[in-house]
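The data blocks that follow each hold one structure.
Below are two complexes that have chain A in common, paired first with chain B and then with chain C.
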Partner chain A sequence: MLIAKGLKKNYISKEKNGFFRSSVKTIEAVKGIDLTIEPGKIVGLLGLNGAGKTTTIKMLSTLLEPDEGSCSVDGLDLVKDAFKIKHIVNMIAGGERMVYWRLTATENLEYFGKLYNIPKNELKNRIDGLIEFVGLKERANEPVEKYSKGMKQRLQIARGLINDPKYLFMDEPTLGLDAPIARDLRKFTKSLAREKGKGILLTSHYINEIEELCDYVYIIDQGLKIMEGTPKEIASIVANCTNQYKIKMLDFSEKLKSQFETFLRTVQSDYFIEAADGGYEIDVTSHMDIQGELIALLSQHTKIISFAAMEPKLEDAIITLSEVKAYEQIHA
Partner chain B sequence: MNKYMLSSIKAEAIKQHKSVYHSSLMYFSMLIWPVLDLFAAYYAYKPFEGSATSEFIAKWVGDDKIFAFILFGSISYMFFKCFVQSAWRFSYERVSGTLELIYLTPSNRLGIMLGNALASLFESAWMFTVFCIGALVFFTDLYISSAFMLVIAIFSLVIPSICWGIFMNSLFMFSRDTGIFFTVFQSPMELFGGAKIPYPAFPIWAKLAGGIFPLTWSANIVRKIFMHGVALNDIQIELLLLSLICIGLFLLTLLLLKKSEAYARKTGNMALF
Partner chain C sequence: MINHILSTAKRNLTMQTRAYPIDFFISKLLSCFFTILGAFFMYNIVFKGNVSIHFIKFSGTSDYMSFAILGCFTNLFVRGTFLNVSRSFITEMREGTLDSLLISPVNYMGYLSGNMLEQTMITSGELLAAMIITLPFGLRFPSINVVSTLLCISITLISLFGMAIILSGIMVYFKDTYLSQNTVFSVLFLTTGVLFPIQYLPSWIQVFSNLIPVTYSLRILRNSVLVGLDIVSQARDFITLALLSAIYFAVGVLLINKIMKKAPEKQFI
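Entry: the complex of A and B
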């Protein structure tokens, strides 16, 4: 079991303000994160760009030392036993540059395998197995530069499994991949946990991906956890805090306008209107489900041409959740 | 951690070799360049034959020994020359992200630097063989005093050049501005390292500048062994200086490796300076 408690990481960066002058800026990338990963389970880390996902993953994979907090990986200490932990964890990040293009898939895996000092015969068997697993068997002895993006990504997965890690951290592995390849990759990920019993931490900013794969989800924003739960719980919360409606209607009279705005104020929601061929189009964003009320109010005054409730968006949910969190902190 | 040393050296040497020598054209150019280099050096002296400059060099080298002087200088230089280039190439691993993947593993970091240097040295060793055969064909008047001194000559080339190689590798790997090292190391080493101009002919400041390059002493030792048939006693000072420089380079490399990884873990920044 991997148990992290209160992980914190600051980056100190120098900013140039001229030829000779520079100032130091501290970026609090991760401000205290707790998480647990069990073998055989997929844990999701969901957050917008800059939320601190990569920083968290780098701390767990021993590339970064936490400024504060502690983490134990099967009883080993993340800082003191970093070299031992390297044997039982591995990381996969998106980005196709991160293998040797001039080498073949087999040669790439041999290289990384030797860095783990895996005995020759065992390494050979493992490489054969991995190449089969990621479906690169036919092309295993071609240089990587001839591979497609998806094949490079699959090689990257094989590389991440070369030390047969107990815990695998995947940093936005589907970023920039075409839909079918991303789907394949999700299938892989699932079988890694279910069949091979690996504990997986997966970061993403796609809520659907997280919903499909994860057993448990943490949502982080600006370095802080704002929510955790099962994907079902998360999805329903996300759906609840971002309700977006697109309504097309015939008229928008002054009377309707004033009643409409009064109503939206009571539910703290915003709207946006524009004239569209022969009528008006309204976008409403709300933290609450106000579908019934909207239909009732509008249909009293005008004819509704179309009414659409939009898919919940993670961005909106996170903004709402962090607002709620800030509110709770002030009033705690 | 020591059992990781060997497998890291081997893995890195093989990887480096495979990613650089991926075509047979590379082997061909490895042969062509040193030969061109040698002729360029020789004909740089040629026009001055009988002139004051030539007299000047002959004064230090001996009239009949100019070609041998250049030959053994070139051989020595070849052992060191490849490292600036290969370290610069190696440093791309920081930019492309593969260095981070190496840091993910429990590999021996010094082993990686050594393996990489050894792969580059392969290039030199290949040329060395070609050159030595050439030298033996053209000069029957080599004055090696014993087989033991031949071994000393080879060691004085191989060990310092590997120390130089791992130092260059770590310097380039952990620096943001590698361009400056090209300027600082490549040409000065060629000029002041005594590969083409006799070291004793330098003014004192150039002697000091040249003295810090292991090449200076390696070339010196190799020439004395092959051209003057010296015994171990006659090159004690050179061997001592060379050993000190090697130890210094080795310790600096260890320090750079330690510091840079700790710095990367603290700041998330792979470049130390």
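Entry: the complex of A and C
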């Protein structure tokens, strides 16, 4: 079990103002985050760009030392026992880096394996297994620079598994991958948790990915947790925060307009209307699910040509959630 | 540790031989060749083959060409080991592999030693080729003292490694390769006596020269190869070189552990 409590991290960066002068700026990237990862479970860390996801992951993987807070990994202390923890954790990041482009897949894995002091025979078996697992068998002896994006990414996954970690941190692993490869990776991630019993922390800013994979989800914004729960709970909250409807209809009479606006005011929602080939198109944004009411109201007055409920957007949900959080803090 | 040294050296050799090894090798040899050629013209055309009394007094030899050639050989080692090894961590940073390296239980000293081992091997190969190229210019060592030459080379490698560790920390800290590399290399070239005895330099620069191990390495090497002095008669230089090496090495080890711990914060993704 991995238990993190009150993790904080500041970055100190120098800013140049002028040729010789520079000032020091402190960026509070993570302001106190608690989380728990159980073996065999996939935990999601959801947040917008700059929320502090990567910083959190880097602390958990011993790359960054937390400024405050504590974390125990199977009873070991993240800072004091960092060297031991390195043997049981690993990280996979999105993108094509983190492997040597001038080495082949096999050479990369051999090198990293030796850094973990894995015995020779065991390492060889493990490399064969991993290369097969990520589907690079045919090209395993070609330099990585000749690989496609997806292949580089798959090699990175093999690298992240070379020490057979008990806890695996995946930082936006599907970033920039084609849809079918991203789908494979999701399937694969699932099997790592379900079949191999690894505890996985997955960051993403795609709500769907998190919903599909995770057993439990934390949403963070500006370095703070703004909510946690099962993906079902999160999804319904996100959906409730942002409902968008696109409706096409034949007519928009004055009578309908006044009734429509009255209704939207009661549910604190906005709309936008536009004339479109022989009819009208309306966009409605709401914090509540008003699909039924909308259809009932509109169909009394006109013919609905099409009705679409748009997918909820995480961005909108997080903005709403952090507004609510700020409101609660002020009035607490 | 040994594991990390050997696998890092092997990894580097693989990478080196894969990416334009010939071009790389030839460019290094050419720069050595042209430096010696320059010295040759200076000596034969400007000085008409006569070195001054001062030169003989300062260097203990009248064979300027052999003096310059040994300087260039040493410089080849300075560049190969000191400069290339010092660049290893920042290269990982630039290429985006530092995180994968530091997330593993890598031993920093093992990693750096592996780089040093590989560079020493490559540079030794270059040295052999350089020896053949420079034969026509006349490197003569009839009275070489082999034992003291070998001891000099060994301690010199340790001192270059110590300097490399320090510079590698400085590069990661300031996230700079260009300025530190080129400045340091030019300064070493001018102040340590690669092409002329340091006594020709203003005395305040000589104070600085005397803090750099390479200055002693060059002097001991020439005295051992060209004059044939033994270890005992160069004890003072040997002891100073060993002391400086130990200091540079110790400072390097302390520095690199501190700096690498903070290195992941320095890279912005």
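Heads up, the rule we're going with is that the second predicted complex is superposed on the first by the 278 of 332 C-alpha atoms of A that agree within 3 Å, B and C clash if a C-alpha of one lies under 4 Å from a C-alpha of the other, contacts with A are read in each partner's own complex, and residues count from 1 in each chain.
Please note the rule applied: a contact is a pair of C-beta atoms (placed from the backbone, for glycine too) under 8 Å apart; a residue touches a chain by one contact, two chains touch by 3 or more.
These numbers come from a predicted model, not from an experiment.
Partners chain B and chain C, brought together by superposition on chain A, clash. In the superposition on chain A, A:58 contacts both chain B and chain C.
Once the two complexes are overlaid on the shared chain, A:107 sits against chain B and chain C alike. In the superposition on chain A, A:11 makes contact with both chain B and chain C.
Under the contact criterion defined above, the residues of chain A that touch both chain B in one complex and chain C in the other are 11, 58, 61-65, 83, 86-87, 90-91, 93, 95, 97-100, 102-103, 107, 110-112, 114-117, 143, 159, 163. The touching residues of chain A, when paired with chain B in their complex, are 11-12, 55, 58, 61-65, 83-84, 86-87, 90-91, 93, 95, 97-100, 102-103, 107, 110-112, 114-117, 143, 159, 163.
On chain A, the positions that touch chain C within their shared complex are 11, 54, 58, 61-65, 83, 86-87, 89-91, 93, 95, 97-103, 107, 110-112, 114-117, 143, 159, 163. Remark: chain C residues 3-4, 7-8, 11, 14-15, 18-19, 95-97, 99-106, 261, 264-265, 269 touch chain A in the complex.
Within the complex, the chain B residues that touch chain A are 1, 3-4, 7-8, 10-12, 14-15, 18-20, 22, 96-98, 100-107, 112, 264-268.
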